[in-house]
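Down below are the structures I want you to see.
Paired with chain B in one complex and with chain C in the other, chain A is shared by the two complexes that follow.
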Partner chain A sequence: MSIDVSKVFLFDNSAKNLVEAELLDAIVEKQLLDWEDQWIPARDEVNRRLKAAGVDRSKWPQTGHWSWRDKQLGIKGSLSNPSFCVVHADETQGLMILDTLPSARLSSQAGKPIVYIDYLEVAPWNRKHLPGDVPRYGAVGSILMRAAIELSLQEGFKGRVGLHSLPQSNDWYANKCGMTDLGPDPAKQNLRYFEMTPEIAQAFINRGS
Partner chain B sequence: MAAAAKKTMTLNLTDVEMDALEDLCQKKDLSKTAVLRQALRLYQAVEIRTERGAKLFFEDEQTKEKAELMML
Partner chain C sequence: MKIEFTKEWCLRMAQLEAETPSNFEVGASPLAPEETMEAAAVEQSAASGIVFGRFVRLMRRKQRLTVEKLAEDAGIDVVELVEIEEDSRHTPEPRTVYQLATQFKVPMQGLMQLAGLSKAKDARLVNEAIRFAARSEPVADLNEAERAALEALVSVLSER
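Entry: the complex of A and B
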């Protein structure tokens, strides 16, 4: 399998400058080892801090139960489940698995194919968990969203993208990405379903996010 | 993000098959190549799931009646 590597830039929040990173169109063993060796301990540390600060468990990171190794195993060999990751400083900064089979739900796009974001997660150190936290790198989520849009364009899906959002991410998808909120989906634990039209996808790319 | 290298093949279709393909292109707003690539992905996805022991059903939205789709 050949892996395509693209140059991207993250914002280093401590140095206050852009740093070069890589977008890979695959999740390989190195990413799964990073998830096990770096993400899980970092996530456990976040949870310890949240517990010590008395934060209610409902407000803890909602991706805590995700196993990227299991997810990757589940899509092994599948043509319809491309995956991506962002790497900087030899560390995996973000992971994403897509599905190219679902269809759009927005009435103006109904039945047309979309790139569906099955899972998207940034490393625990790239998120703000408590007031005063400074995420290490910014733009990881935006780079992955853009990769989903670019794939949608490449496949002839015109930039259409859809996803079910965890409650903590609703605001990001609605307001930062400009996706349309189609409301809670009873078939998906009542997670809200969001979709991006070709026009919104183009606007997202034009913003350079 | 660069597109993966692709290989070219010739596909022979009957008129009826070509009509069906063009109809799908229209409905799905896709090129013929894109429809056929989607069809391959779907066929593979169904094959993987059925090999794992899953069954493929269609459910009538009103009656909730289910019909199993038998795969070759």
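Entry: the complex of A and C
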């Protein structure tokens, strides 16, 4: 399997500068080992901090029971489930699995093909867990989102992207990405479903121009 | 596929990310909190509580661990572990079940069923769980009958 590598830049929040990183169009064993050896211990440390701070368990990261190894196993060999990851300093900084089979739900796009983001997660050290937390690296989530849009364009789906956001991420997809909120979806544990039109996808790409 | 990213775009997006308290996680997992809570409400019963509690207790004893040591090794709350072992009405946290599955090296999906957090789909597992509950007694040492009952249940869990 050949893997394409794209050069990306993350913002190092402690050094206050951009650092070079890589976007890979695959999740391989190295990423699963990073998840097991680095993400899980970091996540447990986060949970200890939340517990010490008296944060109710219902507010703890909702990805705490996710297994990227199981997810990767579930899509093994599936051509309709491309995956991406962001790597910097020999560490996996973010992971994403996509599905190219679903159709759009927005009335203006209904029935048209989309790239659906099955799962997207950034490393525990790149998230905000408690007030005042500063992620180690910025732009990881945006780069993965951009990869989904670019795949949609390459597939001829014109940038249409759909996803079910976990509650702690709703603000990002609604207000910063400009996606349309189609409300809670009873078929997906009442997670809110968001969709991006071709126009909003182009605006997302043009953000940095 | 190769994608061209400019420094300016990455910097602008990092700034946008910094402006929101939001995170980026996406995905409706089969074990997302809403579903597990709903499943727990429907499926959780004293029977599953008894089976899961006894299973955890015997696996702990098989590994010759105290409650405190198991809680520490598995990275779970000692209070919750006591409740799992002692209170058949207690509904464990999905994360706790995940940690225990890892600690005991048994499949998470099967243990989730045993804990009553997901719908039981495997009749053999249900039957073996009931036989296990009937045969196991929470006494100090793991006797041969308990060991056999435990190993039979682990065997069915591991086949899944």
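Keep this in mind: the second predicted complex is superposed on the first by the 208 of 209 C-alpha atoms of A that agree within 3 Å, B and C clash if a C-alpha of one lies under 4 Å from a C-alpha of the other, contacts with A are read in each partner's own complex, and residues count from 1 in each chain.
As a working rule, a residue touches a chain if its C-beta (ideal position, glycine included) is under 8 Å from a C-beta of that chain, and two chains touch if they have at least 3 such contacts.
These numbers were taken from a predicted model, which means no experiment stands behind them.
Participant: Could you tell me if A:I114 is touching chain B, chain C, both of them or neither one (first, second, both, neither)?
Facilitator: Neither chain B nor chain C is touched by A:I114.
Participant: Is A:L23 touching the first partner chain B, the second partner chain C, both, or neither of them?
Facilitator: A:L23 contacts both chain B and chain C.
Participant: May I ask you to decide whether A:S78 touches chain B, chain C, both, or neither, giving the answer as first, second, both or neither?
Facilitator: After superposition on chain A, A:S78 lies in contact with chain B alone.
Participant: On the A-aligned overlay, A:L101 touches which partner chain: chain B = first, chain C = second, or both, or neither?
Facilitator: Touch partner of A:L101: chain B, not chain C.
Participant: Figure out whether A:V86 sits in contact with chain B (first) or chain C (second), or with both, or with neither.
Facilitator: Neither partner.
Participant: Touching A:S6, do we find chain B (first), chain C (second), both, or neither?
Facilitator: The answer is both, since A:S6 touches chain B and chain C.
Participant: On chain A, which partner touches more residues: chain B or chain C?
Facilitator: Result: the larger residue contact count on chain A belongs to C.
Participant: Identify the partner contact of A:E150: answer first if only chain B is touched, second if only chain C is, both if each is, neither if none is.
Facilitator: Both partners.
Participant: Name the contact category of A:L32: first (chain B only), second (chain C only), both, or neither.
Facilitator: neither
Participant: In the overlaid three-chain picture, which partner chain does A:V161 touch, first (chain B) or second (chain C), both, or neither?
Facilitator: Neither: A:V161 stays clear of chain B and chain C.
Participant: Residue by residue on chain A, keep only those touching chain B in one complex and chain C in the other, then list them.
Facilitator: 4, 6, 23, 25, 147, 150-151, 154
Participant: Which residues of chain C touch chain A in their complex?
Facilitator: Of all residues in chain C, those touching chain A are 1-29, 31-35, 75, 77, 93-95, 98, 108.
Participant: Which residues of chain A touch chain B once you look at their complex with the stated criterion?
Facilitator: Interface residues on chain A, with respect to chain B: 2, 4, 6, 23, 25, 77-80, 100-101, 111-113, 147, 150-151, 154-158.
Participant: Given the complex with chain A, which residues does chain B contribute to the contact?
Facilitator: Going by the criterion above, the answer is residues 1-5, 27-31, 33-34, 37-38, 40-42, 44-45, 48.
Participant: Quick check on the complex: what are the chain A residues that touch chain C?
Facilitator: For chain A paired with chain C, touching residues are 4-11, 13, 18, 23, 25, 44, 47, 51, 57-58, 60-67, 70, 94, 96, 117-122, 127-128, 135, 138-147, 150-151, 154, 163-166, 168-173, 175-176, 185, 188-191, 205, 207-209.
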